[in-house]
Amino acid sequence: MSAKLSNAQIAWRAAQDIEDGTYVNLGIGFPEMVAKFQPEGRQAIFHTENGVLNFGEAPAAGEEDWDLINAGKKAITLRPGAAFFHHADSFAMVRGGHLDVAILGAYEVAENGDLANWSTGPKGVPAVGGAMDLVHGAKRVAVITDHVTKDGKPKLVQRCTLPLTGVGCVTRVYTSLAVVDIEGGRFVLREKLPSLSIDELQAVTGAELVLPPQIGDLVAPEL
Amino acid sequence: MDKTLANLEAAVGGIEDGMTVMIGGFGGSGAPIELIHALVDRFQRTGSPKNLTVVNNNAGNGRVGLAAMIDAGMVGKMICSFPRSADPRAFTEKYLAGEIALELVPQGTLAERIRAAGAGIPAFYTPTSYGTDLAVGKPTAEFDGRHYVQERWLKADVALLKAELGDRMGNLTYRKAARNFSPLMAAAASRTIVQVSRLVEPGAIDPEQVITPSIFVDGVVEVADAQQEEALMRQGVAHVG
Amino acid sequence: MSAKLSNAQIAWRAAQDIEDGTYVNLGIGFPEMVAKFQPEGRQAIFHTENGVLNFGEAPAAGEEDWDLINAGKKAITLRPGAAFFHHADSFAMVRGGHLDVAILGAYEVAENGDLANWSTGPKGVPAVGGAMDLVHGAKRVAVITDHVTKDGKPKLVQRCTLPLTGVGCVTRVYTSLAVVDIEGGRFVLREKLPSLSIDELQAVTGAELVLPPQIGDLVAPEL
Amino acid sequence: MDKTLANLEAAVGGIEDGMTVMIGGFGGSGAPIELIHALVDRFQRTGSPKNLTVVNNNAGNGRVGLAAMIDAGMVGKMICSFPRSADPRAFTEKYLAGEIALELVPQGTLAERIRAAGAGIPAFYTPTSYGTDLAVGKPTAEFDGRHYVQERWLKADVALLKAELGDRMGNLTYRKAARNFSPLMAAAASRTIVQVSRLVEPGAIDPEQVITPSIFVDGVVEVADAQQEEALMRQGVAHVG
């Protein structure tokens, strides 16, 4: 088992499931990359916690307006039909279930849908941001992540060991090796790399993969 | 992305028997008369939707708008703060005859319950109505030595609103005090339908001046020469569908 | 005892206690009259529940804009520095303690500060509007009222018999005969008509009037 | 009515030891740098105000603004959602040395707690943080089969904010995403002081475009060429008072 999707390819795969006209929040860092791969002809509207709806890509270097940033404090631009609003309205959009999709990173995802993505433990300075709000807000909460940690340990687990971000909130995980749905407290395998056997995938997954009759090939273009 | 609807008939097409419908406006200010009348017309034609629960600050005035809905017999229950007006016949007659139910809610609590629904807050505490008849049966709690009543969010299946500018994505502005409950209702309803006095392209509304962002809006329909309930009422107009 | 202040004079007296630069909500009906008697050189900012701050007097007949009304559904005008806002923000101003003064009408006011002003009983169509919010919001809640009902019964009572609007909320009452503060669960007489004896006033008041050393003369101009 | 203040020194004059101070901004966007620096300067000159509790989404970046306050040793506690930044030295050093306390609050809960304070709502329920370490010790409740955490309002003695236009009565607009927490904080603080990039006369701001109505504002001071925290941080500027 050596082949795996790059981060860009994971982001590309996640982007394929975003329908035209949906409202989407992308977590700061890696998930932001999903915006780059919107399929032709589909228009998603991106939300950022700090009060902007329908922002676009980063401005050219030197063109930044530091009053116009996203939740990751990066400079952004606006698309036609954008809106500004204050933080309570912004999290009304989140908590009130108005976002269609949130795509977040993960340290661990459990088969019961629990997510740990904000704290690696008691050391250092803890910081949570909007993660705990997002996991309970969007109609669909998806995770994009490498299938295993840098040490090769499973990130898809039976129960999270790190501090939780949210309970039973994740419904789909896009990894470097597979697409896995969380249904009824189980990981259900939807797609895997064609080069990878189910046994190989199960070996790097920390909980049992339920195998439906149809398992698709996870294929992404070179990016 | 284009949320514009073909016409008023299409705009009110998804409203079914027994639904909870929020209607924007405070008295005549902000009342979406054309949407309401399209709904009354549909009821007169088809017998549906009936047995609606309607959320509005008031309960109609004269023989147009919400009063025409009540007159038509489509409304099973009103949730409002002030079911009185210059000409409250429609509601008063049905209420005294036991043909319409009433949930009376203090105005600020009504606004906050609607706001809570849109914001994903299932319950909150307010000092309003503590110790009064309107708090009977509601949980209470003490915070910092003061007494409060627990109130629940108020959601709706559909909101029918009137806005001034609306772009095709659903961003809205309102005219003067016609704003009132509408931005709250837009967020509290599963489906939010808005009649806009002028339909514009995305980008035509300054992002800093958007009052209701597009995420809260499902459909917009242009009604260029919208009628004003108060003016109709003063002219003695009756809408019978 | 025949002399008493007219409604206009009661409103005038209440207006004398409104400081420059204060934010004020006047209940619909009789209390709206207070706005007419703002003392020269003082600027109060008037709030109305339906989302307007700093409105002015009624427009000329025929000049009404029915999208620009007050809580009583009457046409208003704007002063420079006005603002529109939605109903939740409007009642944040009320419930959040941002208004300096609310002046309301009353059916009954009790010596413990309880107010009854929204319902005369189970008959007819009940309507509450914003009254229950206002009594718990403003820093100072005052009542203006005739001292007695049309039948001559006291409106200042030991305990309210009508359905309450709010508990322990009123701090001052301006009547046609007197100005009475509510302090420590008692009516404290501050001013009375000079022509009226204390015994005469007590006789039309439904609870004991506490008499401080200084009791002012309640005098209002002809209006 | 004129709420304009003579200068920055007067603007920060009422802040005393031990107070809770809300500071507008999300990162550098909306940070009232000149007000903060005036407060740091006052502290360096007089030793007061100290032991402040500061409410902000973050905990400073670089050596300016909130970071400069923390560096100066004026801040006893931070209430924030994300005490990390491109250059978080100021907070990190003091936090790891045990010299500053931290109350970590999820960002949406932080916003809603501040909003609740301004709206007179002492407590509300949110799904956010249910079942996590950040909900430990908080009351929970079930509504319609879902679990929620009870959160309390968050008030402040003073709010220091930055706005774009401000009139002499205190009506405000904001610039782009610099709005963020500021309209909420304006309502949640006993005393709200605002640096405005342009001071205008009442009437100059369209009443429909006012974002913070004057009732929430106690003082405005014009800072015509306001600095931007992110730009200062990138230039490596340090404010030592």
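As written, the chains take the letters A, B, C and D, and residue 1 is the first residue of each chain.
In the analysis below, contacts are C-beta pairs under 8 Å (C-beta built on N, C-alpha and C of every residue); 3 or more make two chains touch, one makes a residue touch a chain.
Everything numeric in this text was worked out from a predicted model, so none of it was measured.
The chains that touch chain B as well as chain D are A, C. Between the interfaces B-C and C-D, more contacting C-beta pairs are found at B-C. Taking each chain's centre as the average of its CA atoms, chain A and chain D sit 30 Å apart. Averaging C-alpha coordinates per chain places the centre of chain A 36 Å away from that of chain B.
Residue positions of chain D touching 2 or more other chains: 112, 115, 119-121, 126-127, 174-176, 207-208, 211.
Residues of chain A in contact with two or more other chains: 52, 84-85, 88, 91, 94-95, 136-137. The touch graph of these protein chains has some other shape, matching none of line, ring, star or complete. Counting only pairs that meet the touch rule, the chains in contact are A-B, A-D, B-C, B-D, C-D. By the touch criterion stated above, chain A contacts chain D in their complex at residues 48-52, 65-69, 73, 84-88, 90-91, 94-95, 114, 119, 124-133, 136-137, 163-167. Residue ranges of chain B in contact with chain C, taken from their complex: 26-30, 57, 81-86, 88, 91-92, 95-96, 102, 104-112, 114-115, 126-134, 147, 174-184, 211, 228-231. Taken in their complex, chain B has these residues touching chain D: 112, 116, 119-127, 141, 143-144, 146, 148, 152, 173-176, 207-209. Considering their complex, residues 1, 115, 117-121, 167-169, 171, 187, 201-203, 207-208, 210, 213-216 of chain B touch chain A.
Contact residues of chain C toward chain D in the complex are 20-21, 23, 43, 45, 47, 52-54, 78-85, 88-89, 91-99, 136-137.
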